[in-house]
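Each remark here refers to the structure printed beneath this line.
Going by the order they are written in, the chains are A, B and C; count residues from 1 in each one.
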Amino acid sequence: MFNPFEDFKDFLSKTRGLPLDRLAAAHDQIIGELTGGYGKLVEQELKSLVWFVEHNRVIEAYKTASEVIRDIDYDAHSIEDFCYALDSGADIPYLISGPAGIYVAALCNHTPEDQIVLRLGEMQRTLHFLGYRLPYGKSLRLEGDAGNFTGSALQGGEISITGSTGDWTGAGMTDGKVTINQHCGRNTGEWMQGGEIWVGGRIRGLGRMTAGCIYQGGEAVAGDALR
Amino acid sequence: MENGKYRHTVRRLYDFIQSNLYFTRPDIHLGGERFNSTLLFTLITALTGGKALIMGEPGLGKTTAAEYVGSLVYQLPVGTVWASEVSGHPEQTEEKIIGRPDLGKLNRGQEEVVWSYFVQLPVKIVDEINRLPETKQSMILDGVDRGNWEYLNEMVLNAEYCLFATANYQDQGTNTIIAPLLDRFDILVESRYPGPSYAFMISQKQEKEKLLRHPELESKLQEGLKKQQALREKESHLTAISNEFAAHLKESLQLDTLDRSSRKEVRQEISAMELDQDANAYTRMLLAELSFCDRHGQKRSNEVCEEGCHYTGYLCHRLRNCASNRLPVSLANYAKALAWFTEASSVGIEQMRAVGPYCLAHRAQWTDTHLSLLEKDRRNDPLQIHLARQATNEVFQRYSEQAEHVKAALATAYRIFRGESLEPVAGDHPIYFEIRKDLNLEG
Amino acid sequence: MEKQLKELQQLLEQLWPEVRRRHLFPEIPPPRFDSNNSTVAMEMRNKQIILNPEYVRTMSRTLPANAVLEALLDHGISHYTCCPWDLSTHLRFYARAKEILGEGDLARKATDLFMDVVADTHAVKERQSSLPLLYKSGIRTELEEIICSLYERIWGVDLGCSKEDETVSRLATIPYLDKGRWMASLSRFIRGIRPHLEESASHIADEHTRMGKHGFQQYAPEDIEQALREFAVEADSPEQFADIFEDLQSQLQEVDGDVDEGMGHGAGSPVDANRLYYMKLAENYALPLRRKDMKGSGHLHPHSHRPWEVCQPFQDLDPWCSFGKYLPGITQIWQRKEGQIYGRKEKTPSCLVIIDSSGSMVDPRTHLSYAVLGGGCAADTYLRHDAEVAVYNFSDALAGGKEYLPFTRSRSLIYRVLCRYFGGGTALDLDEITGVAETSEADIFLITDMQITNLDQTISRLSRLRNRVTAVHVGKKSGALRFVKASVKNKNISVFGVNSSNDIPRIVLGSARNYLAPE
């Protein structure tokens, strides 16, 4: 039978395989896996229609997030790209700020790199819980604004934010340092048990803290340093 | 003549016409040189036995270009070419176009056909074809398609011929040329205003057609054509007169022309030109865009392209009709001739891109939205050619980005077609889906 | 020196056909040399590659001259055949970069770098380019060092770079050759390169890499109109369009100072970006119209011949074309055809566009105004139909808040008045409007949110007119309902509501279609 593709039987491709093909494909795969992991978390968390911030629920979500990312091989840049993928909504149908932030926090805490830079300034929405439970020895630099509960339950890590944060910044942190170049919201340092929060601009309201210290414009405004 | 000599002869003909008879600006680049598209494609039409539609404003040399080219390529004095022309008007009859009964014999009760010069001569020119009723347009194109002409119970066969039809831009006094008829033309060119400088030169060379006149031979040819004998029997006599005219051209203008056997060899040489893989794959990609419909299986002029289709970025969304099978034939024939003319070793994407707009212009029926969007564009070409050029350029861009991928897809398809167990190469272009269909893998 | 240049020119002419072949014969004019006293290797103007002979000479000390030339041509052609390909894509990149970086010069640099990476990578991957040789040689700026390190990583070649930093890792995973993701890739690229761009901005002038800057002057004039039309649709707001357009205009004027004509303005008039935005946007909704309606005359006339068949009547036989014979197939019969005549001399009426620019309407300079867009579409439709258009732009007309443009065919003037924004209260000067309408017999297009102080009088006066009125109300304010109810009885008034973005052009054109292009 006549083969309509006969003219191409001797075709030899002149295309040169570049490392870029592999690098870009590997990156896409990682983002795909991270997206898949987030999907699993959301599936778990969205059994009820509304996601409430409850202590146990946050812990549970973080635990689930840590489990689903356990076998994913990713780096800090992938985390940032994943955040933008979340924000664009192109491949990920829903961004729920709470679980999304906890998921990103889990990613930061489990990445092998100690210094993480997330340039999130162009995101349309902000994520909550960024820097949640960031452990000793890790630093997280957030370029742009962050949402509520930034640096909550901080466990010795260092977070710096070039923009502003929302309410409950550093809530329940036990140790470490949160530096906010601009402003932060209400209940800053609520249930804080140690560590420092440095705010360059305005603090809309302080929370009830047990220990630690909060500075505004370089001067202590609450906590151990005043005692 | 040895191979390459014909090229030289044809090139000399082109240069001679451009320098002495048909003054125009060059408007296309090819093989590092600049040519005038109307003249070049008219010459190729005459050489390859094609069908060209020449459009333009009145008085800008539409018919003249065809007459000069026809005269030189077929070694006929231009007066004879004039005598064979059919002029388009609604009252034109089959008797004036094709042939009539021999009245003397008819009165004696015998049927015999007197064939028109138009039918007998290889150069067929129809002036203002759009003023002919559709039935007559169709009759001419049918005859040219097959090369045979019938009247009463008699038939004439043309061994070699070409058709040039001219048309003014449409106004209320003209008929349209309907789409199926337009499709039969291989190519559409515009005879354009040459610019004030060339136009002024025309005024200085008012008797230029005298170069191609030869009243004595014209009379001889007329006598020969009038003879009541079968065309085949007349041929040797007519050829002898043509040869005389060729000798006259050689003597007076130092111009070589092609005799019948040379023309045959030229056609063989052109036909033997091979398409390289880029030209081949690019053409397939173009055809895929011109015929593809994801929803309805193929383009059909009575079906509307839906909004929101994934393929809205491709040509299929802007077209109303489907590419006919005549389009690839015209593309290949003219691209081969261009490659031959420019001394290319094979037909490449350059030649295919050069002929693309002219082969597509009259065949593509664009949507109203697309037409209204682009009709005010700044451009040099008439709208039809401009739109076709934009379209072929767009496809070229897509091809350029994924040339190797497309060729790999076609090469893989070759192997799958032979029975190898492979996955077809996927991609975001109609061509990949058409390949799947060819492999019976759709769905 | 002259001799050297001549030799280079000869070499260029030798190489050009082969480079074109590798790039599948792009339709660009042959390149040329031009000494421009700059350190950059090349520039592109009006699709032509212009090479710097000084640069070629310098590089030829360490590399064969043909490799240098081929690499430069590969780079230039890839910009033309791959990225950005056209001005439309270039503008889109630039607009995105400016949105992220805020500053025009930084945005231009970021866009240039991104396009360079895409074009170079395409040339290396698909066109067997010698670009790696070129990048391996010569002194590099800080930015070039980063880009070369990136090339080293993504092309898998040794370019002698020492830089192995976080930026390169970020940039190396971007799918540069995936056209469908270019916008997202550009954003990623800018995020990665931004600190270095900002750092270099302070001490490096325009020529941030050896390949120079890729200004908008590389495009042909016919590209500009198309690009602006497409960009008008994609721009987030009139402000963004104006912003980008002004950058484009200033660059083009740097070159030849004559861009007005290509942008739909009369020569010499300053280009108002805001007006141009609506002009270009409205072009995307262009409606094709039949110019004059033809109809059958009701009379048959002999049109053409066809052979007579026995069953056909004798009265139509044409003896003059039948050789005096009555024989089937020889005798000719007249084929009759109904004559075509122009329909009733129904000249397309002119149009009076009445547009509300009171405080309750959107300011067309800052946000997309559906009223201006709708008015523009309507005006364009009538202009295309050889009719004239007058514009009455009002807020509180009785207090002087109005501008009236008498009937004209100047598109530029029409858009100037359409785009004017008064703010303030809303009242129509009905005597003036009805006076114009009655004397001109023009169609009326009224576009407003119907929050008109003298709405009742307006309804009453419009309903008494013999002109056809299309009233378009933006939003669902109380006046709109009153207008709809009151105009139900009046056949000369059609009312349409607009609540979402694409409604106005559709409605306006829908009415225009009914008026002007009867089926």
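Annotations for the structure displayed:
Everything that follows uses one rule, which is that a contact is a pair of C-beta atoms (placed from the backbone, for glycine too) under 8 Å apart; a residue touches a chain by one contact, two chains touch by 3 or more.
These numbers come from a predicted model, not from an experiment.
Looking at A-B alongside A-C, one finds more C-beta pairs in contact between the chains of A-C. Of all chains, B has its CA centroid at the greatest distance from the CA centroid of chain A. Taking the mean of the C-alpha atoms as each chain's centre, chain B and chain C sit 34 Å apart.
A straight line joining the Cα centres of chain A and chain B is 65 Å long. With each centre defined as the average position of its C-alpha atoms, the distance from chain A to chain C rounds to 40 Å. Counting partners per residue, chain B has 404 as the residues that reach two or more other chains. Touching two or more other chains at once are residues 14-15 of chain A. Residues of chain C in contact with at least two other chains: 126.
The touching residues of chain A, when paired with chain B in their complex, are 3-9, 11, 13-15.
Within the complex formed with chain C, the residues of chain B that make contact are 29, 32, 90-95, 100-101, 103, 106, 133, 135-136, 152, 172, 278, 348-350, 353, 368-369, 371-373, 376-379, 393, 396-397, 399-401, 403-404, 428.
Those residues of chain C whose C-beta lies close enough to touch chain A in the complex are 100, 121, 124-126, 128, 153-156, 166, 169-170, 172-178, 184, 187-188, 191, 194.
On chain B, the positions that touch chain A within their shared complex are 275, 277, 280-281, 404-405, 407-408, 410-411, 413-414, 417-418, 435, 438.
Across the complex, chain C meets chain B through its residues 16-17, 20-21, 23-27, 30, 81-82, 85, 122, 126, 179-180, 221-222, 225-226, 229, 262, 283-284, 286-288, 294, 303-307, 321, 323, 325, 329-330, 332, 335, 340.
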